[in-house]
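First the structure, then my questions, so here it is.
In this document, chain identifiers A, B and C correspond to the written order of the chains, with residue numbering beginning at 1 in each.
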Amino acid sequence: MSQSRDAVVIGGGLNGLVAAIYLAKAGRKVLLLEAEETLGGSCRATTALAGVRASVRSSLLIALDPRLAKDLALQGLKFALRDIPTIALQQDGSSLTLARDVNGTQRALAARSPGDADTYRRLRAEIFTLARAMRPFWCDGASTSPPDTLLSRLRRTDAASLLAGFESDTLKAALAFDSVAPFETGSALALVWRAAQEMCGLQGALALPQGGLPALMEMLAATAQAAGVEVRTRARVAKIIADNVVAGAALESGEEIYCRAVLCSLSRRKTLLDLAPKGSSGFSETQKLARTSAQNGEGSILFLLNAPADFGSANARYILADRLEAFADTAIREHRFPDELQIEAFVPTIADPTLAPPGQHLLSVRVQGLPLMPADGWPALSVKLVERVTAALERHTAHLRARIVGLDVQVPREEEPFSGARLASSYRARIATPVEGLFLCGVAAEPVNAVSGRAGRLAAGIAQAWLAREKRG
Amino acid sequence: MWDNRAERVTVRYDAAIIGAGANGLAAAATLGRAGLKVIVLDRATVCGGRAITREFDPGFRASPFADELAPVPAEIFRDLDLARHGAILVPMPSSLALWPDRRHEVLHWSASAAFSRLRTVVRSREKEIRARALADAAHAIERRWFASAPEPTLWPSEDWSDLSLISFAGDWHLGEDARAHILAAALTGRVADPFATGSALHLLAGHGGGMPIGGLATFGGALEAAARAAGAEISLGLEVADIHLRGGRAIGLHLADGREIDALAVISTLDLRRTFFSLFAWKDIPKVAEQRVSRYRNAAGRARLLLALDRPPALDPDFAQGQIHIAPGAAALAKAHDAWRCNVVPDEPPLTLRLVSASDPRLAPVGKAVLTATLGCIPHTVFDGAWTNEKRTALRDRTLARIEMALPGVSASVLGSELIVPPDIEEQLGITDGDLDGGEIAPDQMFALRGFEDHPGGRTPIGGLYLGGVSPAFGTCAAGVAAARAIMADLT
Amino acid sequence: MTMLVRATPFHSRVAAANRLNAWVNRNDHTLAAHYGDVNAEAIAPHATAAMADISWRWRVTIEGAGSEEFLTRLLTRNPAKLSPGQAFKALWLSDRGAVRGAGAIARFGRESFQIVATQSDFDWIARGAALFDVRVREIEEGGLAIVGPYAAKIFEAAGFGDPLEALKFRKLFWRGLDITLSRFGEHAGFEVWCKPDDALILWGRLLKAGEPFAMKLAGLHAMDLLDLVAGVPRPERDYEAARDGFATAPTPFELKLESLIDDDHLLFNGRAASLSAPRTRTRVGIELDGDKPAPHAPLLHNGQRAGRTMGSLYSPALQRAIALATVDLSSAKPGTRLTLPDGTAAKVVDLPFLPVPDPIAE
């Protein structure tokens, strides 16, 4: 017979831990349930490569919540690299550098097309101005967005249309890469969202934490323990117990745990359709959720190399993106492997050699837009994925195949699908569910899928306020 | 009783109303809602006047004097909230005219375009007349010291004063049978020569107000409820001896038991003749009233035969619930009228039947029936004396025979019956000659000329005295409401 | 777009009696608007009895192991309270607490229910049912309703057996026909449902049973008027039932249907939203001063906008036009005097406009 707790957090990934820590610091009795053997979720260190302390998932951060470091006193959190530029690699071997420094980028662009340089300056200024206005909404959990005509327009604009003013295809594709789904309505806002993020004091920057994501997770795990969070691993939740209000969670083992609030870091769909009682989220909502499932996702490959992959001189994030149209590949809808892959590559060991055994290097690769449920199934397809990625990268870095000593693949998993509505909604709207006392605290509650921790922090705040109101015996 | 005058209790009212029939109760309700202190008196022990239902044979009930009343003006029906007080009026669904040779003509009001138009015309004229009556009443009389009497404006439908029923029917594109049907419908239970000018006025005399469920008593009950809800006091079983006059003005009533009632205004819902000849001492009747009353004519003609039947007659369900006119025709009507004028009971008086239990099964036990027969042109006083039992039986048998010809098998199923002739009506309702219209329907007695000229809205030359009795063409309750409004206008 | 319109199983009899050839469509069925005099048909349910073709009403069966669970989520009252043979009236709401439908829910068995409503909401119910592995099936049968003070006596005369209590039903093998008898209506009457093939026989037998009681055939206009006089709000005429799953209007409170929601029923769709919805308006009866109906017209109180009429018809029994209306709570007291924009006087009254007559016992 389990004793009653204030809150149960489902999922021991970044957001789950953050939520649990904040609740515990607010004086609540928190139990965190993790289905796997270890905490960390996708930020876990790989177990397939000996001596490697990096996650398969790319450690590049764009949106880590700066409040985490402050509130949770994460002393060990340091950045190995801040403000990493992006370099777009083209088929013909040339490259295009997109740095945060607008003047430098402009000069580079002007060399190819003065028109593009101008457009870029204007667009960037617009995006960054709007981004600053949106910060309270996207970063501090404000409940309403500022009234802004540009915002209303971009809400209805897809990134492809926004970028149509550029002449250079490569530039279009490169900028579109970060809008995740450039042909979705509202994806223009995704670019604004990126620009709104502030990490290490820089707006819209790309950074690498020291020790990679696993180090961050270890810090959080320690903080959680210190805060008094009860953690149970190998405890997979099968059902959330609720009538008109949450009552607890039932594990696969049959054990029932009672609590007053549940924070779930899984997707909205999984939480409300699979875990919550049937129909408890409302018939229309249920139908809507069933309808809007993600079709595609991200895959990651971590290569262990015996020598660094050399793409050029800079320590940059490389993206291989030639054509914007590649993002609209129908293959995904047909559950096929796309013809052209959208690849992001980064060598973290140049800046942080501790991630790999001495003398060895890592190549962190992220592939966007892969089908979630391909006809042949992922285990089989991962081989093909590696093949295709390697081939694509080899065009830009010599002897890649020869340098590979080992690799680990993370196939695409179902995550919250991208939608303009999600970007335009408030944290509260994404965190709250139709079931009272049930809150979403994971990536599903973020405007865009990204490693952030903000959702966990804000969900904890909302849950805490709710618990304080609902004083039940 | 007369000696016991120790206590001369005088109670003050704003208005005293003689007669708790439809008009009296409606007047009481109207005045009560306006905040006046009102009392209604009737010598009967129940309210309603002619709006009653009677068990004329054990288990069988009917409204003795009529199955339907004239339509209540919608405005009054609404204002008095009669529906909520229980008055549910079932419209007449059909009318059937039957001839001895079994020829018949049915009209379903909604199905016949010509009859629909005709009915619309009559209804709209009725509406206009009532509106005029109520408007006249509400218009306060200014005391004119020197000015001459104003030009009287023509009443709506006064043009029908020059029209005979025959001419009216002839104006419509209808067959002979249909025209006969119209005449019968217009003259049910009445006295008229369809060829005489002015007989068209009978069309306005109030038909088709709907049959109240439960008989007319339900309607009377609804009015009583409305009056009580308005705060009016109702005193039954109390006869009014006379109207108390002072300085030529009515200031109250003397009751038969010696009590006095003081009132600022008195409404009499008795007919004109009875108002002045029974409520005033001979010497006290004002000259002008005496002259008016002497000119006034009553024309009683209605008799009713109520039949309790062991089983309903075989009737096509299409017209079982409506009126059935037996052998109508202009010639027959004229002949009956001639007989009536000579105080002779006609051989074939106008006869209209209604199987009331078919519309309202409450009136008869299950499986049995109540059939009412309404006769017209039946004289109040037969030339050779009073209505003896013998004469009654003769009329009853003759009528039954005619009914038998139209609906074979009825006579054999009669379990009980009651015949009501004009003197019975006179005695039971206190109506002069038993004339349910309160006076003959004739051009010189209609509209402005019905009461006192120069005194519209029920007013009389006697200050404080108002007439609110039955006035054909005004509809049920309207005369009473008009008198009430006249009082309200005059008191302010 | 033209939709397929069907005749009811009684069509041939209705057509024979419909001497004025007055037809109207409802829920894709062709019905007699009135058989003769609308006024007489409208008054009959208050005076004696009336029979109406109700085959157009929407009926679905809900069957399967998850039926009770599904209906618990769907309805604003708990179906666990029903035993077989019983029914109750309830609403079903959108996710945000808007009224989508209202009807009678009858329990036929442990895993078998039926919903009867005046408007179809098949998509919603089927969609919800799919979550619970429950079968939803629309029923096409012939239905007749008999209403009025003589309805109980006609029930007896027809030979239906023991009287049926309100909100109860039973299936019966009656003189060779399989029928379902129910008392779900608001007008002190009863309903009979039969297979389409048996319709004409049922019609004849009921007409015969009703004849000694002056039963009239009533067309759709008369029945609609009866609903209005009884103060029962109906979708399409009085309000637009929500059809968007996330709609927030109309709320049960502005329609004054909160009595169809059980306070102790915690699980129904849209509950949280309906509890937190603002309660500023309610439904009242309006008596108009005159004959002219005024549907969907603004109502003013002392010159200020106070509400809006819903459906409005002329009532021959009351001899005036009446209407249902949603008005602000401050203007909802019976007796409050309101006006229409054209100056016509309107008065707030208690509902029903006329009480349902007591059944005639003797």
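Observations on the structure shown:
To be clear about the criterion, a residue touches a chain if its C-beta (ideal position, glycine included) is under 8 Å from a C-beta of that chain, and two chains touch if they have at least 3 such contacts.
All values reported here derive from a predicted model rather than from experimental measurement.
Common neighbours of chain B and chain C under the contact rule above are absent.
Relative to the whole-protein C-alpha centroid, the nearest chain centroid is that of C. Centre to centre, using the average C-alpha position, chain B and chain C are separated by 41 Å.
For the pair chain A and chain C, the distance between mean C-alpha positions equals 53 Å.
Work out the mean CA point of chain A and of chain B, and you get 91 Å between them. Among all residues of chain B, none touch two or more other chains.
Touching chain B in their complex are the following residues of chain C: 19-20, 36-40, 43-44, 46-48, 150, 153, 211-214, 287, 289, 291, 315-320, 353-354, 360.
Chain C contributes residues 69-70, 73-74, 94-95, 124, 127-128, 131-132, 244-246, 266-267, 269-272 to its touches with chain A in the complex.
Across the interface of their complex, chain C is touched by residues 72, 74, 77-78, 83-84, 88-91, 93, 108-111, 213, 317, 321, 358-362, 366-367 of chain B.
Interface of chain A with chain C (complex): residues 243-245, 278-288, 434, 436.
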